[in-house]
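Next come two complexes built around chain A: one with chain B, the other with chain C.
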Partner chain A sequence: MFEQILIVAANEIRVLMREKTFLLLLSVFLAMTLFSVLIGWSTKTTVLGIYNASLILLKQSGVTHLPSNPFIMIPALALFRNMIIYVFLIGALTSVVIGHSSFIRERKSRVVQLLFTKPISKTCFIAGKIVGILAALLLIIFAVFFISLLSSFFIPGQLLTQQEIIRLSLFYLLSLIYMLIFAMIGLLFAIVLPTESLALLAPIIIWVAVTFIFPELTTGQNPVALLNPTNITQTAPQGAFFTLMHSVLTPFSIEQHYTGLAQPLLETQKQFTSLSIAEIIAQNSGLGISLFVYLILAIALSLYTFYHYAVTRDKMYE
Partner chain B sequence: MTGKNPIINTQDLSHKYNNCLALDNLNLTIYEGEIFGFLGHNGAGKTTTINILTTLLGQTSGKATVAGLDTIKESLQVKRQIGYLPENVTFYNNLTAFENLAYFARLSGVKNVKEKVAEVLEFLDFTGIENKKMGEFSKGMRQRIGIAQAIIHDPKVLFLDEPTSGLDPLGIKNLREIIIRLNKEKHITVFINTHLLSEVAKTCTSIGVLNHGKLIYKDTLEKTLQKFPDEVALEEIYIQMESQGKV
Partner chain C sequence: MNSLTIWIIAQKGYQDALKNVLFLTLLLFLFSLVGISLMVSAFNFQAQVDQYNRAITQLQSMGQSGVILDKPQYFPLQMLRGTIEYLEIIGAIIGIILGYISIAKEKGNNTMQLILSRPISKLSLIGGKILGNTLLLFSILGLIGLFIVFAISGIGHVAFSQAELFKLFLGLLFSYLYLMVFFCLSTLLSLFFKSLPNALIVGFIIWLLIVLIIPQIGDTMDPDNQVPGGLFNSLHMDTHQQQQVMTNFKTYETWRNILEESSVEKHYERLTFATLGIKSIYNGKDLRSIFQDQWGNFLWLIGFYIGSIASAFYFSNNRKFLSKSN
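On to the complex of A and B.
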């Protein structure tokens, strides 16, 4: 049984690594990770340059009370705060494509008709698919984590402590869960909808709703403000409409659940720096549980639709 | 070539799609070693029959066995005994022929995958293409890979659904030779769904005709050709059968 699951999972990775759309999205994601670090490095170098030049001028002018280094107050992890946005934008979209293509390619090529006549149970097959998707996401997360970690060595004075490395690891574990939810949504619609375009459109609509519409309706902030990693979901909604939307839609706004947990982990604001990992988890356990429930729900729905998928009634072949 | 042991058997097999009866009390027995040509117009119920026999679809009523195994109760065991090539499969285009075959072989429980792929390609006279991507293959080449994946685990029965569809005359001739060799050299019983009488006459050892879900004719090709001495006559009789809905 496990051997068959691994056979399907290995094939999943092999096929995925040769798909242009996936490779393109992966490259964009990795490039953005690198870019995020470069922005951090560039900002820090520029600001420190100006700070040092100012110090010289101030000293020459005889000023004795010199301003402190502006980066002393900014935690090293905050350099990676743009990753929160990249994960819920490009990471989630990449995951949708992974989940979607995982089954749609087999329906489109009619390979599914062959697979269902091979001595493998539906349980093993779908388990293999999910393991394959998880492995693909793990590869991406490891690559991104590696880039983040490596880059911290190249930014002077930003070497991460052991505690910070643990926080960064937890952030990427959280990101993996978030991305897996979207991969499962992609898989779900790839199983259930009759055409390839519909099967891609439906999860993208959900992604748009979760990423842009729900946070805007629940906070009343404009979309640009919501893409600022330092103030996502921090403002309480004002007005009757937004207050109502906040109470109705917040449980479904999984992007806000994700950012709510990711921000303290990456110490995006001063108040988070004093919190230990245990405190962050304790204070945000509701958000973590909610994300986990959404993941289980997405997997359960994918399994349910797969068990009810009948290759002989597939409208894609008509 | 044909033995006396039944390898495919259906008893009062019926299938309904909503309220439409696609298969109506089909009683069919195919013996080991036969190349059985299943004829019928579009929508006659041929694909429904093949779907039930390959375990892709459950029947509404009746019973079907392949190699003595019930297609519903023992579906996994049935799958180990059969090979199947559906119509118009395109495979994983980004993978090579070897990677495609190796995947299907592993799923079928083949252990020595490398040797088995080489052996099957050698049998099909199709060596040297292992590292080519499937996306570069012609329809005829894909059909050969399709046959290769279907026989890589040494099945007892091979099901082919409209195998000559979209092939050029040379491709059809090659496929015909392969089917006959599989039957003679590997002793595989072959079940072919088709609506091409000329192909049936050149390949099959027995034929059955399905009309609106009912089996209206079944006999060996030899006896059929005695009744209808030439291919043209066979075609005319078939059209007559179709229009009348009975023999």
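On to the complex of A and C.
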């Protein structure tokens, strides 16, 4: 049984590595990982330069009470804050494509009909698919983690401390869980929906809802404003409507759970720097648990729909 | 090119799209989002008014006058920020889906070869597809416009002035130009790729880069976005002082600007936000003074539109493009 699962999983990775669209998405994700540190570093350097130039100008114009440096003691990990956005944009879309293509490929080529005439159980097949998806995402996360470490060393020229590496690892572990949820949603719709394009679009609609609509309804911020790292901090909703929406929708807002945990891990703001990893986990355990629950739920739904998938009655057309 | 043939193809494309589940699902989604964004804007404004009233009451109970506080002003077109942002995101996806289905149907049913075996030129075919989808996008945007006018003036009891209605019309016209860029892009990808779903995925990747990633990088690199409330505000500097400081960082600003200008989304957003007065400095200004500032973005948007239409005609005339099938 385990051998069969591993064969299906290995085949999944092999086929995925031959898919040009996946490779394109992966390249974009890896490139943006590299750029995120570069962008973070150049912005930080420029803004500090602007601050110093502003101080000189203010002194010349006779201002005696000079404002303090708003960027003093910026933690090294804050350079990675853009990665939170790239994970919920590119990472989630890559995951949807991985989950989607893992099953739609078999349906389209009718392999799935042929496969079950062989001595392989449905359980082995779907378990192999899920293991394959997990392995593919693990490879991506390892690559992204490696690029982050290297770029942080070469671009700002600083070595991360042991504590910072642990925080970064935990951030990427969290990102893996987040991406896996979207991969499972991609897989789920690839099993359920009748056409390939609809099966691709449905998880993308869910992703848009989770990324843009829920945060807008719960915080009142405009959809695109949430893409600015300084804006994605959870703002307290004002007014009865937002209070209601906040209490109703926040449990379903996966993106907010992810950013809620990712931000203290990457020390995006000064108030997070004083928190130890244990304190972050203790304070945000609810968010971590809810992400895990969503992952289990997505896997369970994929399994359920797969067991009820009638191989011989699949009328996929495109 | 035969105008009757183009018209028949356009009608067929229009009708086909209205029967497509994928398109209808997205359309429903877009209308819901427009409704949600208007509702959120209305509640946001209500929250501001409540906060203002509470502050006044508090000041009066302390024996002070509330005159020092500015009363929140209601501008109907400023309620459309979320709507425009959803048109940027979901509208672009609708453009991609329309481009995809207009070619996928012909390629999937192998009717492309059949059509081209008739006395129909490739230019008429693509011209018909563009015309049909132009009419479809005008219908969608027209309905969105009516929905906005009804929702704001009917439910909110605020009448639009003639100038505001004209600005709304212009905003929707710019939206059409923006959406057509994605329609043409997706049409070309669907013609170019042998596998149609791959064309759709590549379309989404380009969408992600143009609509979300490039503007996000531009925003992140904006020095004034680094501190909540603005860097220069936190340093208590006026506009003149800001400009003086920024002269030393011209190279950085030039690169940031080049990056932002490479995205059609940014031109559309800047132009529409200015026209509708969503960006406060343009609120209440007449169109002439707005266009004095925004003609660059207008030309860019028109340029992207003409470029994408021209590319669709040019590449669809290529035999290799049309002969590739799924």
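Couple of notes before you dig in:
Just so we're on the same page, the second predicted complex is superposed on the first by the 280 of 318 C-alpha atoms of A that agree within 3 Å, B and C clash if a C-alpha of one lies under 4 Å from a C-alpha of the other, contacts with A are read in each partner's own complex, and residues count from 1 in each chain.
The definition used in the following text is that a residue touches a chain if its C-beta (ideal position, glycine included) is under 8 Å from a C-beta of that chain, and two chains touch if they have at least 3 such contacts.
All of these numbers come straight from a predicted model, not from anything done at the bench.
In the superposed model, A:Ile50 makes contact with chain C only, not with chain B. In the overlay built on the shared chain, the residue A:Ser276 is in contact with neither chain B nor chain C. Contacts of A:Ile85 after superposition on the shared chain: chain C is touched, whereas chain B is not. Counting residues of chain A touched by each partner, chain B versus chain C, the larger count belongs to C.
In the superposition on chain A, contact is made by A:Leu198 with chain C only, not with chain B. In the superposition on chain A, A:Pro67 contacts chain C only, with no contact to chain B. Once the two complexes are laid over each other on the shared chain, residue contacts for A:Gln163 go to neither chain B nor chain C.
Of the two partner chains placed around the shared chain by superposition, chain C is the only one that A:Ile39 touches, whereas chain B remains out of contact. By the document's definition of touching, neither partner reaches A:Ser285: not chain B, not chain C. When the two complexes are superposed on chain A, none of the residues of chain A touches both chain B and chain C.
Interface residues of chain B facing chain A in the complex, by the touch rule stated above, are 48, 51, 54-57, 76-77, 79-80, 82, 84-86, 88-95, 99, 103-104, 106-109, 149. In the complex of the two chains, the chain C residues touching chain A come out as 21-22, 25-26, 29, 33, 36-37, 40, 43-44, 46-47, 50-51, 81-82, 85-86, 88-90, 93, 97, 100, 104, 108, 196-198, 200-202, 204-205, 208-209, 212-213, 215-217, 219-221, 223, 225-228, 231-232, 234-237, 241, 244-246, 248-249, 252, 326. Those residues of chain A that touch chain C in the shared complex are 20-21, 24-25, 28, 32, 35, 39, 42-43, 46-47, 49-51, 53-54, 57-58, 61, 67, 70-71, 82, 85-86, 89-90, 93, 97, 104, 195-198, 200-201, 204-205, 208, 212-213, 216-217, 220, 222-224, 227-231, 233, 238-239, 241-242, 318.
Touching chain B in their complex are the following residues of chain A: 4, 7-8, 11, 14-15, 18-19, 105, 108-111, 113-121, 310-312.
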